[in-house]
Each structure stands twice: as C-alpha cells, then as structure tokens.
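Here come two complexes built around chain A, the first alongside chain B, the second alongside chain C.
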Partner chain A sequence: MNLLRYIAGRLVVYILVVIFALTVLFFVPRLGPTDPVEAMLAKVASQGAYMDAAQVDALRQSLADTFGLDGSLWDQYGAFIKRIVLTADFGPSLSMYPTPVMELIRNALPWTFGLLLTSTLIAWVLGNFVGLLSGWKPNSTSSRVMEGIAICLYPIPYYILALLLSILFSYIWKIFPLTTTIRGAPWSWELITSVVWNSFLPAMSIVIVVFGWWVISVKAQTTALKEEEFVRYARLKGLGDARILSRYVLPNAILPQITFLALQIGLMFNGSLITEILFDYPGLGLLIYTAVLQGDFNLLMGTISLSVIAVATATMIIDLIYPLLDPRIRHR
Partner chain B sequence: MAKFFADAPFRLYLGVVLVIVFIIFGAILPWFAPGDPLVWYTAPRNQNPSAAHWLGTTSLGQDVFWLLTYALRNSLILGLIVAGFSTVIGVFLGLAAGYAGGWLDRVLSFFMDALLCIPTLPILILMAALFGGQLALPIVGLALVLFNWPYPARQVRAVALTMREREFVNVAWFSGESSVRILVRHIFPYIAGWSAANFINTVLVGISTESALAVIGLSSAQQATLGTMIYWAINYQALLGGKYIWIGSPVVAIVLLFIGLFLVSSGVSMRSSARRMSI
Partner chain C sequence: MTTTQFPKRRGRSTLMAVALAITLGGTMLTTATMPSFAQQMTDVGTPRAETLIVDMLNARVGNPTNMNMYQQGVTINQGYHQMAGALLYDIDTAKGSQIPDLAAEMPVANADFTVFKVALRQGLTWSDGQPFSADDVVFTDQMIRNTPALSYSSAYAAQIASVTKVDDNTVEITTTKPTPRLAIVLGSVIYGNPFHVVPKHVWEKEDAATFTNFPPVTISAYKYKDSDPNGTWFLWEKREDWQNSDVGQIVGEPAAKYVLFRSYGTEERRVLAMAANDIDILTDISPESLDILRSQNPKIHAWFNDFPYANLDDPCERGMHFNTSKAPYDDAKTRWALALAINAEQASIATFSGMLRASPIAIPPTTVLMDTYHKPMAQWLAEFTLEDGYKPFDPDYAVRLGERLRSEGAAGIPEDPEALRNLLGVGWWKHDPEEATKLLKAAGFTNDGGPWLKPDGTPFTINILAPADFEVESQRLAFAVANEWTQFGVPTQVQQMQAGAFFTAENTGDYEVGSYWGSSCAITPDLFVRMEGWHKDYVRDNGTPASSNQGRYVDDELSALIDKLRAIPADDPQIVPLGTDILKELVQGLPVIEMFGTSKFVPVNETYWTNYPSAENYYEGPWWWWSNFKFIAAKLKPAAAQ
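And now, the complex of A and B:
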C-alpha cells in the first residue's frame, strides 16, 4: 500500500515536472529580444534560398503556427501543451520538408539510447569491479594507482575526452574513422560490425568518464562497508573474499549510486549531445545541431522538447525502481 | 589557514597548486599581453612554437599562448560568477525551505526537483538558436545560475531538516537566540564545508557547460573562452592541418584545470566530513 502511494506521488510530481519543463520551453522563445519568426526567416534567406513575397508570407504563417503565435498568450500556452502532450506532433521538418519531425526523431533516438545505455552499462560493470577490488585493499599500490587514474578521468567533460580520443586515434594514429559512416544491409553482419566500429570512440568517451566516477564512489563505499559488523561476521563464519565481496559488500555499495545516477542523467545527456556532434554520430545531438544550423524551428522545438521529456522520464524511472531494489526502503 | 592544511589529504594540496597555477595564468598574465590576442593577423600565421610565440600561432595570426591566457581569464570569471550566485541563492533558499517547512518548503522543493530534471544544454541551445545564433556570456551565466542553484539548495535543505531536531538547536532556541543567529552560528558551520566543495564544483560545471556550447559555435564566438578557442581551431581545420598545439592547448588546459578543481572540491569535502566526525 505504501509502495502504491509512493508510486502515485512520484507520478504526480513527474507530470508536474514535465508540464513545468514545457512551460519553460514555451516561454523561452517569447523572452528573447528578437522575434523568433523574423530571425528564422532571416536565417532561411541567408542560406541563399530565393523566395518571392508570397512564399515568405506563407512561411511566416506556417512558422507562426508552429510557434503557436495565434490568439492570446493563454490560448497559445494551452494549445502548445495540448499539442505536445496529446498528439506529440511537431509538424513537418522545414529543412527536410515534408518529412515529419517525429519520424526524424524516431530514426535518431535508437542511436542516442544505444550509445548511452551501452556505454553506461560497460562503465558500470567495469567500474564496480575495479572499485570493489580497490576498496577491499584500499592501501595497496594497484588500488592507489587505480584511484589516481579514476580521479584524473572523472572531471573531464565527455566532449573534451571525445576530442582527445579523436585527436589521438583518428588523426595522429589513424585507427578509427573520423566521422560516422554506417554501411551494410539491415541486420547483416557487415552492418553490425560497422555500427560497433563507428560507435567505439563516442562510446569510449562516455565509458571512461563514467568508469572514473564509479571507481571513486564504489571504492569509498567498499572501504567503509568493510568495517561493518555484518562483513566481520561473514569473515568469521569462514566465507571467502569473493563471496563476501559479491554477496555482502556489493549490494550495499551499489545502491547509493542509483540515486546518484538519477541526478547525473541530465549531465550525461548534455555530454552525449556534444559527443555526437563531434563524431557526426546520427543521434539526437546531431539532429539538434542540424536544426540549429538550418534554422529548422520545428525540428529544434521537437528534439529539445523530447530530450527534456526523456531526461525527466529516465529520472522518474530510476526513482521508481529504487525502492524495488532496496529492500530496506520497500519494507518501510 | 595553516591549521586547515595541517591534516588535509594530499589531493587537496595537489588540487590547490594546480588551481593556483591556472589562476595566475588567467588573472595575472593577461595584463602582460603584448596586445589584444584576439585581433587577427597581429602575428605571423601557422607558426610552430618558438621563442617569440611560445605555443605557436593560429591560422588567423593570433598568438596561442596569450590567447589562452585571455580564454582562461574569461572562463574563470564566468565560472566564479555562476558558482558564486548559485551557491548563495542555493544555500539561502535551501535554508529557508528546510528551516521554514510547510508550503514554502513544498514549493521550493518542487522547483529544485523540476530544475534538476531539465537538461541545461538543450535549453541553452534553443535560446542560442532563437536569439540570433549566439548567446552573450552574461545570458549564458544567468541561465547557468538558474539551473545550478538547486544542487546546493537540496543538500542544504536536507541538512537544515535534520538540524531542526538537534538538541543544541533547541537549547539555543529556548535560551532566546533569534532565528537568524541560530542559522548563522549553529547551522551554517555544518554546511560551510560542503558549500565550499559545491562552490568549486559549480565553477567546474559552469566552465564546462559554456565550453560545450562554445565548441558547437553557439556561445559568443567573439570572446575568448576555452570553448571558443576549440571552436575556432575546429572551424579552421586545425586537426586536418596537423596544428595540434592550437587545438591541444585549450583541451589540455581544460583537463588540468578540471582535475585541479575536482581535487580541491573532493579534498575539501573529505576534510570537512572528517572534521564533523571528529567533533
């Protein structure tokens, strides 16, 4: 019963948060010193596309539609929220007319999700393993070296690491491709290897940073847990190190990291956007960048609303599964 | 100060040294620049490092070394201002929420949670795209403050909540001390160390987010920051031309500065928690 109330409470907060975020998105274009419609028209004109007066008027009207500039502010706000929440319709893309924005996003999302999920998982497994081992023997040389490396890796932003990796492995030693080019028929072996090969550097830039964090925090947790009564009991019972680590220390060391992950998702997402742009990786980040460069307002509003909603949703999902994972909270 | 460092962890020393080096680099060296390093064609183009140009020159005829000092100065100023405002606002609102409770707490907590869920960079990209392609540094700073105060506020609120129930706070209350005095004298010492660590961390986040925006050309490209240096280098194909020092110097500067800042912030928080334990 308590669990149900917790879930209901979280859901209400989630809905409020999404509406709040959309409200922010709604007001940003209206706060600016310039009229966004005119700015977009200037951008389109500066790209050298010739349009006669009638076409400009038509475009102005269609932009006013997508900005939702008709009616009072309150009407506009209502229409904006309704359109995004109920229909998830962002209109056609202006630069790849008439492809709907949602279709472009649908093609890009798997790339971003795949990149973030895979690299977080790899970093999680490696980081927990190394962090546990070095926390178990915190004063050994290898443990200190590992922590030193982790401390030097963690504060580096993803995109800086992405730049470093591409300087080292694409320019100086030409091992990995500079930009992403995917080849091969759907579901063929060639396609899979091509995806893995092209995703390697972007993924590494995320893996390395997240790995650094995981080593630091799991090591600190493990060192503290080692002194706990229940660990001493396990040792006195005659259990081996491997079993104590995996069954007694690991579950307790991992749990606090889950809430951290919830707070970190936004930052990870920010980082992956720039990484994608630097590597020409066909995910949401590159789509946002294309939208900015082309002055494609529909695409921009769609991608940004969706990324804000996605991050809020991911945060909520982590919050929701946390009590399922932690029996101490579940039984409270 | 001497007492502060007496039993500080080694990482704090290392971090402080690194950060001081960068502060000297960014705060003092720009005064000695031979001219405005931003102006194009004031130096021969595409030079390798030499006695006259320590880190070589860019394809635009700028001296990389002096450009880097200007970039560091601007990035540090931005980071410090963002961190200063975020920390002050965050600590104040966090204390208010935790200490006052009731509807004020509920409203403030909602805004903290909501703002933490919203990724900053997409919003900044949207603003940049709508406001004419590039964002001026003060606007970037303002937006960063808006999105970064909830981190300290949440933590401070949690501390203030537990503090309300502590005996010594009750004692102070019943002996007639005012709320303000209780906050300043009894609660603030508990959050000071953590706030300092958070302040330094926010400097890092501020510089990092501005640079991220700058690398894709959406921050103010006419100002030198660490990010815009990278942007110009990428834009002029520094990598294809093999001019690794031009693009490498801001990248290495960011890496070392951030490692320094992180060492200081984690060192400070380790130290302050050790001190709390010992009391």
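And now, the complex of A and C:
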C-alpha cells in the first residue's frame, strides 16, 4: 500500500511538473523581444527582394496567419495545450516553414542521442573506474597518474579543448574531418562508418572533459567510504580488497553517480550546444540555437518540451527504481 | 635517491619519444598518402581539381530536402539560388545596371507603365530536356496568384495584375498600378528576387503549397547531384546540355564540372578549411581571420592585394540610425550635434583598423555610386551649412586618415590626396565638440559642468542597439561610436541583440538609436529601391510594425521628391538629379548618421581555381551568395590548366 502511494505521489508530481513547464515554455518566448514575423520579414528584406510597403504589409499579415499568431495569447495557449496533449504536435517550424517541428526533432535526435549517450557512458564508466581505484589506493603510481590526467583535463575550457583537437587532428594531421560529412545509403555500412568517423572527434572532446569530473567526484566518495565503520568491519573480518571494493564501497559510492547519470541522460535532449556548434554537428543543440535566434516559438517549444519531459521522466524513473538499489529507502 | 629517480626519468623520456614519434609519424603518414594534384578527391567523392567549393552563407540547412523557393522558411542559398536557378533579370554590379537573364531584353513598357512586353530568351531547356517557354512564365504567375497559402501570393498580386502569353517566346505583363521599374519588381538588384519561373510540366502536377521540389529541375547550367541529409553540403553538377542554359548563352561553358556548397560551421573552422585548401571561396570573415589566412597560405587573397584588402562595394552602408519620432532625437539639431561629436578617423580605426570608406550621404560609397553621387556632390557638401551658418563638412578626412595609417605602418596607402579620397571616401563631418555643444544647447539641452541634461531635465544617456554575433561591422561600429559619445560627455552603452529581436525592435520602433543599415542601400544610380522607403506615408506609430521608414521620419519635401522619382523609369535622364536632391534633403535632416560603406572580407583561394574577380580584375563584385554568382563561376579557370 505504501509502495502504491509512493508511486502515485511520484506520478502526480511528474504530471504537474510537465504541465507547469509547458505553460512556462509557452509564455516566456512570447513575452520576449522577438516577433517571428518581423524576424522573417527582416530575412526577406536582407535578401534584397524589392517590395513596396503595401506588399510587405500583405506579407506580414499572411505570415501571421500562416504561423498561427493571430488571436489572443489565451486563444493561442488553449490551442497549443490541446494540440500537444491530443496529438503531440508542435506545428510547423516558423523559421523553416512548413517543415514540421517533430520532423526536425526526429532528424536531429538520433545524432544528439548517439553522440551524447555513447560519450557520456564511456566517460561515466571510465571515470568511475579510475576514480574508484584512485580513491581506494590513493598512493599508487597508476592512481596518481590517472588522477593527475583527470585534474589537468577537467579545468580546460571546453571551447579551447575542442578547437585544439580540431587543429591537431583535422588540420595538422588530417585524420578526422573538419566538418561533419555524412555519406552513404540509409543503413548501409558506408553510412555507419561515416557516422562513427564523423562523430569520433566530437565524442572524444566530450569524454575528455566529462571524464575528469567523474574521477574527482567518485574518488571523493570512495575516500570517505573507505573510513566508514562498515568497511573497517569488513576488513577486520578478513575480506580481500577486491571483495570489499565491489560489495561494500562500490554500491555506496555509485548511488549518487547513478542519479547524476540519469539526469545527464535526460539533459541529452537539450543537445550539446557548444559541441554541435563547434563541430557543425546536426543535433538538437543546433536546433534550439536556431529557434532562439529566429524567434521560432514552435521549434523552441518542441525542443525544450522534449527536454523537460525527458528530465522529468528520468527523475521519476530514478525515484521509482531507487528503492531497488538502496535498501535504506526501501526500508523507509 | 638515484635508483628511484632513474626509472622515472627514463619513463618521461620514453613518453616524449613516443609523442614525437606519433607526431612525426602522423605528419609523414599524411605526406606519404597525399595524392598528386590531379588525383585528389573531395570528401564527397568528386575530383578536387574539377570541383569548385563554396562556403554556404547561412551555414547548415535545417530542411535540406525542401527546395520549394516559394515556401517562406525554405533556404535556397545552398547553391540552387546561385547556380541552378535563374531570374527574368539579374544584376551586373560592376556596371551598376540590371541585365536580362531569362528575359531576352529589358521590358518594353506602354506610355503609363502599366503594360509590358517581355521577350524571353530562346533556345533554353530545363535540366530534364523540356523547353523553356512563355507557358512556364504564365503558369508561374497563375500558380502564385491562385495559391494563397504561399506568403508571397498576396504581395505578388498586389503588384502584378496578369501575365498572358503573346507567343512561345513573349509574354505581356500588366501591373496593378504604374510601375516604371518592372525589372526591379521581377528581377534582382541586390541578392535576388522572390519571383522564380518554375517548370510548368513539373509543378502543374503538384500543390505549390506543399511540394518540396526535391530534387529540383533546373534552368541554369548546373543540376542537382547529391547532398547531405543533414544539410551540411550540396553538390551541383554541370549539365551536359549547358549550352541550353542562360549561362551557356551569356558567358559560355563553365569550367568547373562540380560546384560544392558546404558549411564548415564556425569562423575558426571556415578559416582552417581555406588554409588547408579544402574550400575555394569564403563568404564574410573578420579582418583578423583574413590576416591569419594570408599568413598561412600564399594562394589566398582578398579583393585588394594590399590595404584595405576588403571589397568596398557592398550595396549597404553602416551608420547610426535614429527613431526620429522619439525625443530628443526628433530634433535635427540633436542628431547633428551627435554627428559632430564623433571622431570618424578614430571610429574607423576602432572598427576595422581604418579599412573602411567613409560616406557622408545616404548611399554607399561603391565604385559606381562614388562616380555618380559622392564625388559630384563633394562641392555641395563643402558649401553646405547648418542653420547657424556652420559648415560641417571635412573634405580632408581621407588625407588625414591616410597619413595616420601610414605613420602607423600600414602598407600600400597612397600619398596623392585624390587617390586617398577614392580609397577612403570624399570626406566626412568635422569632429567639432564645440559646435556639437552649441547645437545641443540650441536644442534645449543643458550642461552646467556636470552631465548633460535633456530638455525635459532628465540625464542624457544613449543606448545603441547593435547586432550580436552577426554583421560584425555594425556591431563594432556601435562600440566605436559609443566610445566617441561617452568621451564627448554623453554616457553611451551598447545593447547587443540577436537577429530576431534586433529587427523586431527596428520594425516596431522599439529603439532610440540603432546600428542598423537597411535603409542605406543602393547599387545602381537609380536610388528608388531603398530611398522610396523614406516616404512619410510609411510612418507607423511606435509599437506597430513598419514595412519601410523604420526611423519614422517625416519630411514633406523629401516625400515630394520621392513621388517624382516613383513616376519615372530607371533610364530617365532625371534619375541622377532627382537622386541628388533626395540625398541633399537627407543630409539636411540627418535621420541617420551615415558613416562607412561595408567592407567585405571575402577571400578566395587560387590553388585550384583562378580568375576570381578582384580590384585588379573587376568584372563583377565578390557576391558569392547572390543570384548572379553563376556568371562569375562560369568565368573561373582551373589553376592546373595554367
């Protein structure tokens, strides 16, 4: 019964968070200084097309009609919530009209997810492994070296690191492409190798930067846990290092890391803005950036809503499975 | 100690040796595997020596499989606009005049400019082999008119009443009102035009509102070959029947078999790509990036080989634009005071190290317009006086700036005063803080030794809106001017905005001073296209978007002159005298402090292709992103052939 109440509580909070976030997402861009119709007209004007003022006025009205920006804010909000809830449809992108927002997201999502999931998991596994060992045997040479590398890499500004990698591996030694150049038929071997090849450098830049953080954080956990009474007790019982580390320290040290990993995975739906801009990588981050610059309300709401729902869902899932991982919560 | 340190030192040495080996090995590997010039391939699988690689203006295309140019959010400057499409009329920027493209000659009008005979170029075919004819033009007219879902539909119908077929190669166009400049309405003056003739045999089976036009059937010398599903590159291939295209007839056979438009992302990457010979033509970069490129690769050059390197013929100029409906900027004395508070030499150096041509009038100082307006108006400018009799013009601006640049070590600065004026501008307004003070006081401002107070008694501070991370000249100019006004005693700050917000503020009048440029453009001696926008009829209340005259400037005499300009065609002998009168009126009222032409740093790489247009080879401007680029591309020659 308690468990059911716990699950129901989490679900209610989840739904409220999502509705609140969607509402904020609807109103905030509309209170901002960008009018997507004026942004589109400026684009037309910057491209030199001559139209007299009457023609521009006609175009302005036509764009407002097309973009669904006529009517009061409340009318627009009602239509928005109805559309999202009933059809999960965010409408057409205003800056890339008439391409549907969901199509743009569908195209970008696999890139972002593939890049970030792979690099985040590699960094998480490597970082936690190294951090655990350096926390357990802080004085060993290998621990010191690995920790030294992590501490050196962690504070490097990401922008500098990514540029440095590009200069080294795409300009001086032309090993990886300078920009994303995908070739090959759908699901062909050529396409797969092309994707891996093009994603290697962006992924490496993320792993290098994130790896350091995981090392430092899990090492701190391990160092603290090592002095806990239950670890001393295990040692006094005569258990070996490997067993103490795997059965006593790891399960405790890893708990906060799992929470953080889940949030990281949820945040993936934001894309990795700087990585995608720097490597011209076709993911969600670039979409969000475009949406903000162009005042593309629909695209902005589509991409951010997805991110909000992903983070809320990841948090709920963690809340639901935490009792399985941590007996103390299960007991409570 | 010794025994414990030795292995560590050895370990370090080993590490360094490994690193060096990898470094050298990598270099040797890349050298060893470098194919010969003729064998090199691009990463999209075309022979490098046969491929012209061009930087895409707006970076990656978000919806790459949509090339329906009539859908409002579709980008066609991935090469369709520059290489595959064609307009009825295009522009020759070197001569400053329009040229017939799909049309065989310029339109022939009736007496009141409402009915036009348009002869079409004969012998053209679409890329699928179907002939181009008057049916295509008539169909395009009907399609736009009868598809209200296209945003352009209502704007088009407001201007064009009908298009009817006379014979296979001639159409008759009727306008809704007298239109002395039909070629401007349906052809390119700057960049392009929304009226694209489409192949009837393809589009008549489709709904224009939803058709993606991918892959497109093209009319010019190139056809679609391949592209990246993520929109980072687009490959265009020369048509086997290129003779049946506009370019084939006007210029001849283009040498490049392929033209690859591609995005390299950030400026750093674009610069790296050109330094590595991976790209032949770059769109706008900063002067600092050009310095890097010139030092890295001797095959790279910009418009001028020496100072000022940049092309100075961009059709828009930069300056400080006022919302003249808002106090205290509604008083010409305030605007003039702020102009005289600027040290233009200092602003030029702070913006682009002096690599700018100054302009005191409301059109850019391009080669054509310098000869037509700037130089002929120099005498009038020198004699022009403000209400108090003060002569604000400084004809020696270029001479002083030239001396200063020479003294600071800039190479290639001429010594002859006339040559300097040709290079840096006919002159600008004096830097005269005393006269500026006098004018401000005459406008009701007060200053008792402390900060300036506005006529209403509140402190006078200025907020300049400026573009953030785009249009770098306007962005930097805003900071340079803010510094000048602050030094004069008016605290000034710059508020940077992203494009959407920046232009929304301009159109809705939600600004006082902005580093804009849209109304200060011209390319031909006929100034109609942008000057017409200053008419008082276009003024809207602040808060209501304005389609023209975003400065909300009301000047009855100016509007009367614009009415006269509207009534005459582009080749009327009164065009230049009327244009001159309009420019004089704008100097007197000064709704914009015009400052500098736009300096475009648009480098090219001669490793694979030569005969790019340049200051010494001026057959066209360096407008790689305009519809007339196809004529430039057709004149390039392979470097290997030389």
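Here, the second predicted complex is superposed on the first by the 216 of 332 C-alpha atoms of A that agree within 3 Å, B and C clash if a C-alpha of one lies under 4 Å from a C-alpha of the other, contacts with A are read in each partner's own complex, and residues count from 1 in each chain.
We adopt the following convention: contacts are C-beta pairs under 8 Å (C-beta built on N, C-alpha and C of every residue); 3 or more make two chains touch, one makes a residue touch a chain.
Computed from a predicted model, the values in this text were never measured in an experiment.
**Q** For A:Asp52, using the defined touch cut-off, is the partner it touches chain B, chain C, both, or neither? Pick first, second, both or neither.
**A** Second partner only, chain C.
**Q** Pick one for A:Val17: touches chain B only (first), chain C only (second), both, or neither.
**A** The first partner, chain B, only.
**Q** With the two structures laid over each other on chain A, which partner does A:Ile156 touch: chain B (first), chain C (second), both, or neither?
**A** A:Ile156: touches chain B, not chain C.
**Q** Give the label of whichever partner, chain B or chain C, reaches more residues of chain A.
**A** Comparing chain B with chain C, the partner touching more chain A residues is C.
**Q** What is the contact status of A:Leu273 with respect to chain B (first) and chain C (second): first, second, both, or neither?
**A** Only chain B is touched by A:Leu273; chain C is not.
**Q** Look at A:Trp189 in the shared chain and tell me whether it touches chain B only, chain C only, both, or neither; answer first, second, both or neither.
**A** A:Trp189 contacts neither chain B nor chain C.
**Q** Looking at the overlay, does A:Val292 come into contact with chain B only (first), chain C only (second), both, or neither?
**A** Both: A:Val292 reaches chain B and chain C.
**Q** Which partner does A:Thr179 reach: the first (chain B), the second (chain C), both, or neither?
**A** Second partner only, chain C.
**Q** Answer with first, second, both or neither: which of chain B and chain C does A:Ile167 touch in the superposed model?
**A** both
**Q** Would you tell me the residues on chain A in contact with chain B in one complex that are also in contact with chain C in the other?
**A** 32-34, 36, 39, 163, 166-167, 171-172, 277-278, 292, 295
**Q** Show which residues of chain A lie in contact with chain B when the two form their complex.
**A** 13, 16-17, 20-21, 24-25, 28-29, 32-34, 36, 39, 43, 151-152, 154-157, 159-160, 163-164, 166-167, 171-172, 263, 266-267, 269-271, 273-274, 277-278, 288-289, 291-292, 295, 300-301, 303-304, 307-308, 311-312, 315-316
**Q** Considering the complex alone, what residue numbers of chain A touch chain C?
**A** Against chain C, the touching part of chain A is residues 32-42, 44-63, 66, 92-99, 104, 107, 111, 163, 166-167, 170-175, 177-183, 277-280, 282, 286-287, 290, 292-295.
**Q** Could you pull out which chain C residues touch chain A in their complex?
**A** Those in contact with chain A are residues 26-27, 29-30, 43-45, 59-60, 62-63, 66, 71-75, 148-149, 151-156, 158-159, 184-185, 188-194, 209-210, 228-233, 262-266, 268-269, 272-273, 275-276, 278, 315, 497-501, 503-508, 510, 518, 529, 532-533, 537-538, 545, 547-548, 626.
**Q** How about chain B: which of its residues touch chain A in the complex?
**A** Going by the criterion above, the answer is residues 11, 110, 113-114, 116-123, 125-133, 204-205, 208-209, 211-212, 215-216, 218, 230, 239-240, 242, 244, 247-248, 251, 254-255, 258-259, 261-263, 266.
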